[in-house]
Every structure is written in structure tokens, then in C-alpha cells.
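Presented sequentially are two complexes of subunit A, the first with subunit B as partner and the second with subunit C.
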Partner chain A sequence: MKNYDLVIHPADGSSAISRVDVVGTLDSHTVAGFEQSLHSLLDTGVTRLLLNIEQLTYISSAGISALMGLTHRLRQNNGELVLLKPSDKVHRVFRTLGFTNIFKIVDNETELNAAFNI
Partner chain B sequence: MNFTTIILLLLAALLGFLLRRQSKRVLSLRYELANRIREKSAVFDFLNRLGELVTTRLDQQGTLQLVVQFLQDATKADAAAIFLRQPDEPDVLRAAVVQGLFPPLHKTTTDRLLAKRKFVAEKVRKDSIRVGEGIVGRVADTGKGMLITDAARDERVPREASEVIPIRDLLLAPILVRDEILGVIALVNKREDGPFGDNDMSLVTAIADQAAVTIDLVRLYAELSHKQRMEQELRVAKEFQEMLLPRKQPKLESVDIAGFNRPALEVGGDYFDYIEVDDDHVGIAIADVSGKGTPGAMVMASVRATLRAEARGELSPKQVLTRVNAQAVRDTKTGVFITMTYGVLNIRTGAFRFARAGHDPLICCRGENEPLSLHEPNGIALGLVEGDIFGIIEEEEISLRTEKTIILYTDGVVEAMDEQKKEYGQPRLHEVVKTFASEPPPRIVEEIVRDIETFTEGRDQHDDITIVVLQWKNQTEQTTDGLERRVATTA
Partner chain C sequence: MRDEDKSMQNRSPEGDEPGVLGDVVEIEVRCPVETRVLSLLRTLVTALAHDLGFSEEEVERIELAVDEACTNVVRHAYKHLGVSPDLPPDKRLPPPADVECVLRLRTILHQDWIKIIIMDNGIGLHNTPPGVNSIEEYLERRGTGGLGNYIIRNFMDEVHYDFPPERGTILTMIKYLHPAIKK
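Then we have the complex of A and B:
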């Protein structure tokens, strides 16, 4: 598996959910690129962002700060960020930090519409 | 008139003639000498001023200005320019100084706009030249100068450039230092005694060497300054962080406490603290900030100050953390957060009431090889959410008297990595704790740190490691007349 990769899918027409797959590690080395790509995506007017983190193996506090930044920005525009299928390890990190109270986290696609309030 | 007289007169005339010619030569030699002396003093003067600029101010722009002006005067060129390689753009040259109306030598496309002279000046000043592109680029690439005495007949000179500003002759010399080509000096159209010749080339080359020294020095100095500044910043941040930590452990009758902090090579932001809440209560905090370096240390200092202010006289950790969070949300940038466990210890009863703002779980162990209990009450890291969501934070109370030993730590412990990038992890930490739980807190700390070092095998420490251990002292002792007495053991 690559050390870090980002796959941006074209937005799904009807519900306008933009899906991005985050692969590998999100830490102080990769976070700058991550932020740049995602904020550019938000610049195009995306308000519903789905981050598929099934293949995210590690996230540092820098990565978490980046997710917070995205969430904050989206919510300011009545949008939402949803995290899909975090690994056990990553989910653990979110739980300890209390981020399960802040982020919308879902374990399968059927929960997506509800998470985005569609 | 006799024959002798005629000869004498002729001789006199010849002598006179020769003398006059000689004196003319003397005069012209004198004149040339005077000129040479003036030129030499001009050169000395120039070199003096150059030296001053280099040693007193390291002023690159000033130096280049001086150089280009001098060369333009000395060689009687219509225009002169110095092009330098850019430190942040590989293989790119830009004009550093331009004197006179200098033709654009780099673009080979005709541009109507170039017909206007003022656009020419703009163009020369702003445009970039790729190394290898055009004659300037070629000199920057090969490091070999060019002397073009008849530009009209030389195919190296772009036609289009000459259409804008007629070019008759050109002199280009590389600026070299050691093996590196720093840039190019270019002179155009010698006004008098033209075209440019070998003398001019020698002069320009000699001056180019001087200019090279300055440019190099300025560059080295800039790099050094940057490095020094970074090192200074790290030093300041480290000192600052050290100021945040308690210098010694509190001496309590009933409880032994040991605290440990080892910052990583990259300055992080852990801290721990002991706070006097009132006569019977001590506040104990351990925290980890998400940002690194000076900004992280500043956030930590601010949180520490707020905590100390709110903790005095307040027995509810939930209250304290709620107020600290409110301040942190206001103070920190979006995304910056602090994990913290804060507890209030009753030193008489041993009750430890604590709350966990997103921090690592708290470990309890009653003794060697006893089962561990882990405590992770609900809570969110500080600095992220307003009071209404933050309010989900729970308070929990543990009896230190019953549980005997409490261990608090930061994620630098469990996330310490070995050569294979494997993490130290909670299970291994639990093993060490179990093994040494009956030992005094300083020993427990020592063993944990030693085990982490064994595991990481000298690999650089990536994150701050912080550990705080609380242990209830064995206090009851039977006296000879059967009364139980509290004995303060010396720490």
C-alpha cells in the first residue's frame, strides 16, 4: 500500500456528496498536501464531503486538526463531513479524544443519507 | 653664409624637430600616465567601496549596483545588466540590476509591445531566463564568456532584440565562485573606442570575481541566519516548556508522587502540574497539546495559566475543565486542541476525583501482578467545541487508598516506535506497570522509561514522553500499646 494517497471521486449528481478516499497515513508529512487538496475541493462549492477512511492506517494529531478544520468550514456553510469506515485503531483514537461526539462517523453506506440529513 | 653654418642650422632644425616630437611624446605619455593613474585610483576607489559594502553591510543589491555602474563607466557601455540565478527557482536567471536601456536578449519572439521602450525596461527587469536559453542563458550554462564585436553579423544575437534596441556589440561574462555559476554580467554597445575588446573582458572578469565573492557571502550568511534562527526558536521553545514543569514533587504525608517529562527532539507540547487547591486538596494535571514547536508551547503556557487560576478552591474537575475549555476555544486556532486529565486529590481521604478531556486512559494497579483497572470516562479534548457539547464530560472518583497506585501518561509513551515502526502500545505498558506496581513511584517511572528505551532501541524520540504516578503511602502502624498511628514516611 502506498504511504499516502488521495482519490477524489466526481460528485454524485443527485445527492451531491463528494467522496474522497484517504489511503495510508495522515501525519505531519502528508497533512499539508491533504489540506491543500481538500480545501481546493471545498473551494469548488462542495458542501457534502464523505471521507472514506477504510484504508487510513494512521492519523496523527496534525491529521485530526486538519479534519477539524474541514468540519468547521463545512458546517459554517451548512454542510457536513462524514467519516466512513474507520479502522478499529483509528476509531479508538477518535473515541479516546472524544471525537465521536464531534465527527459524524458511519460504518456502512446505508447510513450515509441519514448522516448527511438527506 | 658658409657651409658650416648651414649644417649647424639644419642640425639645429633637426634637433628642434626631434625635441618637439620627443616632448610631444613625453606630453602624451604624461597624459596617458595621468589617465592611467586616474583610472587606477578609480579602480582603487571602486575596490575600496566594494570592500566596505561587503564587510560592513553585506548589501548584495548595493554591491551589484556599484559593480554595474563602475563597469558601465569603465568600459563606456551604453547599458549594463547583471543576471543572477535564483535560489528558489532551479535553472532560472533574473535581472538583479539594470543600468541604461538594456535590450531583451532572451525572448526570440517578436512582440509588438517591445516597440515601446518603457515596456522593454519592464520586460528585462521582470522576465526570467532559463539556463541554456538565449545567449545569457548559454553563458550561465557553460560558464564561458562571450565577446561579440559585430552583432549584426553574429547569429547568436537574436534579430528581434536588435530591432527594439539596435545592438552593435556585446560582452557577456559569467560570475563564478568555486565551481558554481552564480550569474552573468552583460554589457551592450561600447560608446567610444568601440567595440568591446579583450581589455574590457579582462576588466569585467576581474570585477565579476569580486562580485561573486559578495553574492556568495550574502547567500551563505542568509542560510546561516535562517538555520540559526530556527535553532534559536527551538531553544526558546524548549526553555519555555521547561519553565512550565514543576521543579520538584510535592511532599505529602499520605501520597508519594513522581512526575517525569522528556521532550522529543522536535519540540512538542506535553506538560504536567501540581496545584494547591486548598489545605486538603492537591490538583494534578497532565496534558498534551496538538501543535509542535513554539506555537504549541505558547498554547500550553496559556492553558497552564488558566488551569491554575480556575483550580484554586474548586473541587469539581468538571467545572475546572469546562472553564479551561471555554478559554482554550477562544484562544486557539481551529484545529488546535489539548488533551488533559485533571484530578483533585483529597490528601486526607485519598479520594481522587478526576475528569478526562480526551486524554489517554488512567491506569490503576493495587500491587505487583494484580489486575489493572482502566478508567476512560467520557470527555472531549480542550479547545474544540463550545460548552454545550463539551458538557458531556464525566467526572469519576477513585479511592487511591484502595487502588494504591494511579498512573497517568501521554501518548508519547504508547506511540513510541521501534525500527520497524511498531508502536510500544498499551499492552506492553500494562505489563511493566503490573511488574513494578509495588515499587515506589520514582522506580515505576524509571522502569517504564527504561522499557520504552529498550523497545525503541535508540531510535529518535518522536513525541514528548510524560508520566505521573501517584501512590498511597502505607500509613498505619501498630504501636506497642496497640494504637494505630499515622506515620509520615520520608519520601
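Then we have the complex of A and C:
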């Protein structure tokens, strides 16, 4: 049973933002694959990572820890992780736990340049 | 008599005094300690919580708390026996013959509350790494763990751990439909 999927778009343009669409759930079952894929992407030198989480239907503490790890790694290299269009449910989890102050979250793509400090 | 069965003798969620007798529905599932069961257990409890009349936000909190609690069992309860997804494949062992490496989830539905009891036969989760007491502490730890226990304690109205002398953990979580009912 496939609980999640990742669609990795090639970075293009001068801004070199790498976009990944996350579909499904991020829990203890799916997080290992998620982390492996995203950290492999970062190994290629990506410093601006956009996660489109519009179709992310559920996130647990395992998923949040994974996002924290990506955020920490990117910021250490003067980069950034931006989360695009979280669903109401996922946004509530972030807000209730205080992660709206930690993660960079945008609701539409017009905010991306500002989020990535471009 | 198991502790969780004693609590069913009286119909209040605490089990220590007679409560209002309403319809009580009890559903129990028994499953392997594998991460692939987590989504199924979430589906079950969210369906039951919806049916009971919890708001969407409360259902989400119950779902997350149950997921975190079940994840703790899957990851930690039988790790000492070589049964855990946290272990590298070459360190994992088949379950021993004398220990049933399972997770049991019992849901008790009352008109005013939902009680979720998660049981295992493992090491006793008091022997596993403690969770964080705040998000600040979690951030100080660079987000390396402990958030699940924080969620359990803060997303459910009552949380109680029992550690039977023979082995294992019994985690009881209660969510009240109406805050006024909570004592």
C-alpha cells in the first residue's frame, strides 16, 4: 500500500529553487524514504528547497523531525527550506505545536522570492 | 483480571466510581509491531471519534496522539528483543517464541468520552528515552526526538501509564467530548 509519493522537479532558472511535491502522509512508516530522498537531493548541492505540501494529508512527529533536519542542514549552508501551501490540517499541527515560528511557510508562489531572500 | 478490564467494571472513564450508564462500545484490534499498521490504526480511531461527535480539530488531536503512542510501541517496546524498525536490518531478530510481539489497541466509546488503551508485552516504555516537556526543549535538542510523548500528554485530556509486573505497558488515554465533563 503506497502511503506517500515524492515528485522531484529539476531546479531551473537563476534562482535555482528545487521543488519537491510531497503527496500522502509523513509518519514513521514513510519518513525514512522521505529523508533518504531529500538528503540525497541536498547532497547534489541544493540550497533552496521548496516542498509543496498541498497534498500532504498527515504529518506526525517523525515527519516534523525530518523537516527540522532538512531545515537545520540547509540553514547551516546559508540555504532555506520553504513549505508551500500546507493543508488546513497540517497547518493546524504546525500552529498548535509552535512550528509556524520555526518553518518558513507560504500559501502561494508569489511569496517564494521573499521566503528565499532572493 | 487485567488492569484495563478492571476499569471496565464501572462505566466512568476512570473506572473507580459508577458513571452515567450510556451505550458503551468496545473495539479491540491486535496487530504486528510494524509501521505499516499505523495508518490503519489512525483510520480506525478517526472514524470512531468522528462517529462519537468530536470536532474535526479534536479528531485530528486524537489521531495524532494515537499515532505517536502506537509508534512508540512499534519502535521501542520490543527493541531489546531485536524487533524494531529502528534497528539496522542485520541487527533485527525474529520474535522469540515466548513473547508475543504485538500491539493491542482497545477503543472504548461512551456518549461523553473516548478511551483508547494501547497495550504491549515489551520492555515497559518507562525504560525508554523520555520525551520532552516543551517545544523549547525539543528545539534545544535540535529536533532529535521526544516530541511524540509531548503530543500524547498535550493532545489528550487524560494520560496514564501502567507497567504490569510481568511485562509490558498499558497506556490509557481519554478525550472528553465536552470540557465540562472532565474532572
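What we mean here is this: the second predicted complex is superposed on the first by the 116 of 118 C-alpha atoms of A that agree within 3 Å, B and C clash if a C-alpha of one lies under 4 Å from a C-alpha of the other, contacts with A are read in each partner's own complex, and residues count from 1 in each chain.
Going forward, a contact is a pair of C-beta atoms (placed from the backbone, for glycine too) under 8 Å apart; a residue touches a chain by one contact, two chains touch by 3 or more.
Only a predicted model underlies this, so the values are computations on that prediction, with no experimental measurement involved.
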Overlay on subunit A: subunit C relative to subunit B, clash or fit: clash
Partner chain in contact with A:N3 - subunit B first, subunit C second, else both or neither: second
Which of subunit B and subunit C A:G98 touches, first, second, both or neither: both
Which superposed partner A:S87 touches (first subunit B, second subunit C, both, neither): neither
Touched partner set for A:H72, first subunit B, second subunit C, both or neither: both
Partner chain(s) touched by A:H29 [first = subunit B, second = subunit C, both, neither]: second
Dominant contact partner of subunit A by residue count, subunit C or subunit B: C
Partner chain in contact with A:A62 - subunit B first, subunit C second, else both or neither: both
Segment of subunit B that clashes with subunit C, given the candidates 61-69, 79-87 or 223-231: 223-231
Touching both subunit B and subunit C, residues of subunit A: 28, 61-62, 64-65, 68-69, 72, 96-99, 102
Subunit A residues touching subunit B - in the complex, by the definition given at the top: 28, 61-62, 64-66, 68-69, 72, 96-99, 101-102
Interfacial residue positions of subunit C with respect to subunit A in the complex: 35-36, 38-39, 42, 57, 60-61, 63-64, 67-68, 71, 74-75, 85, 135, 139, 142-145, 147-148, 151
Complex interface listing, subunit A residues touching subunit C: 1, 3, 25, 27-29, 32, 58, 60-62, 64-65, 68-69, 72, 89, 92-93, 96-99, 102
In the complex with subunit A, residue positions of subunit B that touch it: 290-292, 334-337, 339, 357-361, 376, 378-381, 384-385, 389, 392-393
